[in-house]
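Scrolling down, you'll hit the structures one after another.
Shared between the two complexes below is chain A, which pairs with chain B and chain C, respectively.
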Partner chain A sequence: MNLTYLAFVVMSAWVLLAALYVVTTRNVVRAAYGLLAALFGIAGLYVIFAADFLAAVQVLIYVGGVNILIIFGVMLTEHLGRVPFRLVNFNLFPALAACALVAFALVLGVLIYPWPESAASYAPTSARIGQMFLTKYLLPFEVASVLLLVVLIGAVAVARKEVRDE
Partner chain B sequence: MIPATHILAVGAALFCLGLFALLSRRNAVAVFMGIELMLNAANLNFVAFNQARPEALDGQVAAVFVIMLAAAEFAVALALILSLHQMFHCVHLDEADEMKG
Partner chain C sequence: MKELLDQLIALAVEKVPLLGQAPDWVFYLLWMLVAGAALLVYASLIAGITSWVERRIAGRMQARIGPNRVGPRGFFQWIADGLKSLFKEDVTPANADKPLFRLAPYLVFTGMFGAWAVLPYSARLYAADLNVGILYVMAITSLVVIGILMGGWASGNKWGLFGALRSSAQIVSYEVPAGLAIATAVALSGSLSLQEMVRAQAGPLGILGWNIFKSPFALVAFFVYFIAAVAEGNRTPFDLPEAESELVAGYNTEYSGMRFVFFFFAEWANLFLIGAVSTTLFLGGWQGPLANPDTWWGVMIGAGWFFLKACFFVFVLIWIRWTLPRLRVDQLMAMCWKYLVPIAFVCLIGTMLWMSVFGDRAFFGLVAVGP
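Entry: the complex of A and B
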């Protein structure tokens, strides 16, 4: 057992415990902060897998963007006067059964198929990813920009208050 | 060196936790937290497969696209949650059961 593998085990345990807290806690604000911990842990996993650009993007977009949006969503939709921030899990047994089925299928797939062995190299990736965006993946990159613009306008159109004159 | 099956196992566990939140939560925001966990599990698998051919980097580019789509998806989701809140005064998914605008 070398040091890289030890770091991987510690970071995976961190991510899975944080995710377990997110799906079981009764307080929606605590769930949001548990998600923060899980997303940071995944950035740590990317560092262990030598994906430096992806780790930076994870921290910038997920931790700095999506998670802040989630906390906004919590704060804007919870009534502070009533019993606040309560979360409940309902449909517990059907949900657990469905998860057990999916877990069984995934574990079977992981164990049966001969996955290729990893041959990690610790070279910086940012420059090469940037070149791939502008050569091999140019069309998906441009489509993504248009999609982001559409999402920007669509989100504003959906979220604003209706001002119909009738 | 980390074996690929171990990374895939972590991804599978994370995916199942997210699926559990998606199926069992009542609050729309908590459901979206589950979806984010599932997207992150998929990203972890992309990076794991990328490690088999570290000179290619296609898996990491795919993961960047997934992160971008997740951000876009949650922006729309937040707008929908806010309009749901205006219409029904709560974000419980089982109470929003009419299609009329």
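Entry: the complex of A and C
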């Protein structure tokens, strides 16, 4: 058993346990912090797979941005962290259907994609990612940035409306 | 430093043949432990001494004396304070979320200290030269926000919560102009690695190649970055998260003993970090007269330049703190979103246009450099 494999197993276990904690804890704030641990673990997985740029961006965006917003939202709810809520939800069949669909898509993707057989090369990736974005994947890149712009303007519009109503 | 270590390892393997059979990762682990311990000592020394320097300068600026009893001119005050805090009772409020309350100072500390691993102290003196260095610094320091939010919330105290909310709103907002200003420096240097960025700033006289002199837009971007970094460090005039007159002490109100010191350790370590990153991005890092990455004395002079430049920023930060009054919350947000962000965008686009016209010429396009 080589060390990369061991690191992968440990890191995956970490991510799964953290995710499990997020859905089982009754404390909303702690769930938000559990999500933080899971997202950090995913950055660790990226490091193991030699995706250095992706790992840094994962921490920057998900830990430094998205998760902070989630914690913000949770902390501003009433009765901080002591919201009684049921963990078991009875929408069993829609949930099962959604899970099955996602699992099917994932398994199909893993089976179909021609994965490279060689071990990951620990070469810097950021320069190549940049070149790919501006050549082969220019259209998806631009579409994503337009989408983000729309979201930004939408957020401003929503925030402005409240001010005008006062 | 890596080469030195490789030589040491070769020597150790030669003396103790048994070591030759140990797998590579043992050496890597050992290397990481040694580098981590060395950096921790360095960071602690700097943070501790900065705490004394800050109090002395504050005293001088306010026409009083400051700590001057322990040791010559009070130099050992920081050691006395550290020891005192170690022996103080570590109080956890009954109302607190105990595990999170205990964890928070460590997160703040880790986030701040993690960034020290990639700082280019000199051409050969660094713990790691990551290909995504500056992104790593931005990413790992976001742990500080998480720690502050966690500590403020877990205290179960309204001052703590308000301080934490203000702090994270401020840090997240100012991340935008800081990121754009950093992007300006990255565009000028053509790399995300901190060592590469410093190497790209070589030029005549050792100073004319600095990013700050490459285009007028970069000069403005430097000030944008510096203001944003001060705000991200929760320093006066942006110290709303711990505004004594309104919030008691903000997010660290309930902390005592060593946990309290961890927050302040992070604050003082952050001063040097702000200085070091500003230096690396815009002021040529270890570049300077007589600094030369190829000879050992050139490397040492480079390390001296880096340290001097970073210490200059530490002094400026202290100076600003004890000179300026605090902003209001609305002024703080207006300054970020209405002024710094547009200015930073103009700097980024302007720098790109400038580079397409003047290329890599140094000193505002007047001096030709290059290999």
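What we mean here is this: the second predicted complex is superposed on the first by the 117 of 166 C-alpha atoms of A that agree within 3 Å, B and C clash if a C-alpha of one lies under 4 Å from a C-alpha of the other, contacts with A are read in each partner's own complex, and residues count from 1 in each chain.
To be clear about the criterion, contacts are C-beta pairs under 8 Å (C-beta built on N, C-alpha and C of every residue); 3 or more make two chains touch, one makes a residue touch a chain.
For clarity, every value in this text was computed on a predicted model and none was experimentally measured.
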Chain touching more of chain A, residue-wise (chain B, chain C): B
First (chain B), second (chain C), both or neither touched by A:G73: first
Touching partner for A:V57 - first (chain B), second (chain C), both, neither: both
Which superposed partner A:Y33 touches (first chain B, second chain C, both, neither): second
Touching partner for A:L3 - first (chain B), second (chain C), both, neither: second
Which superposed partner A:G65 touches (first chain B, second chain C, both, neither): both
Touching partner for A:V102 - first (chain B), second (chain C), both, neither: first
Which superposed partner A:L111 touches (first chain B, second chain C, both, neither): first
Overlap of the chain B and chain C footprints on chain A, listed as residue numbers: 53, 57, 65, 69, 72, 76, 125
Touching residues (chain side chain A, partner chain C) in the complex: 3, 27, 29-30, 33, 36, 52-53, 55-57, 59-60, 63-65, 67-69, 71-72, 75-76, 80-81, 124-126
Chain B residues touching chain A - in the complex, by the definition given at the top: 1-10, 12-21, 23-30, 32-34, 36-37, 40, 43-44, 47-48, 50-55, 57-58, 60-61, 63-65, 67-72, 74-76, 78-83, 85-86, 90-91, 94
Touch list for chain C against partner chain A, complex: 25, 97, 100, 130-132, 135-136, 138-140, 142-143, 145-146, 149-150, 153, 161, 164-165, 168-169, 172, 175, 192
Partner chain B, residues of chain A touching it in the complex: 2, 4-5, 8, 12, 15-16, 19-20, 22-23, 28, 31-32, 35, 38-39, 42, 45-46, 48-51, 53-54, 57-58, 61-62, 65-66, 69-70, 72-74, 76-77, 87-92, 94-96, 98-99, 102-103, 106-107, 110-111, 115-121, 123, 125, 128-129, 132-133, 137, 140, 144, 147-148, 151-152, 154-156, 158-159, 161
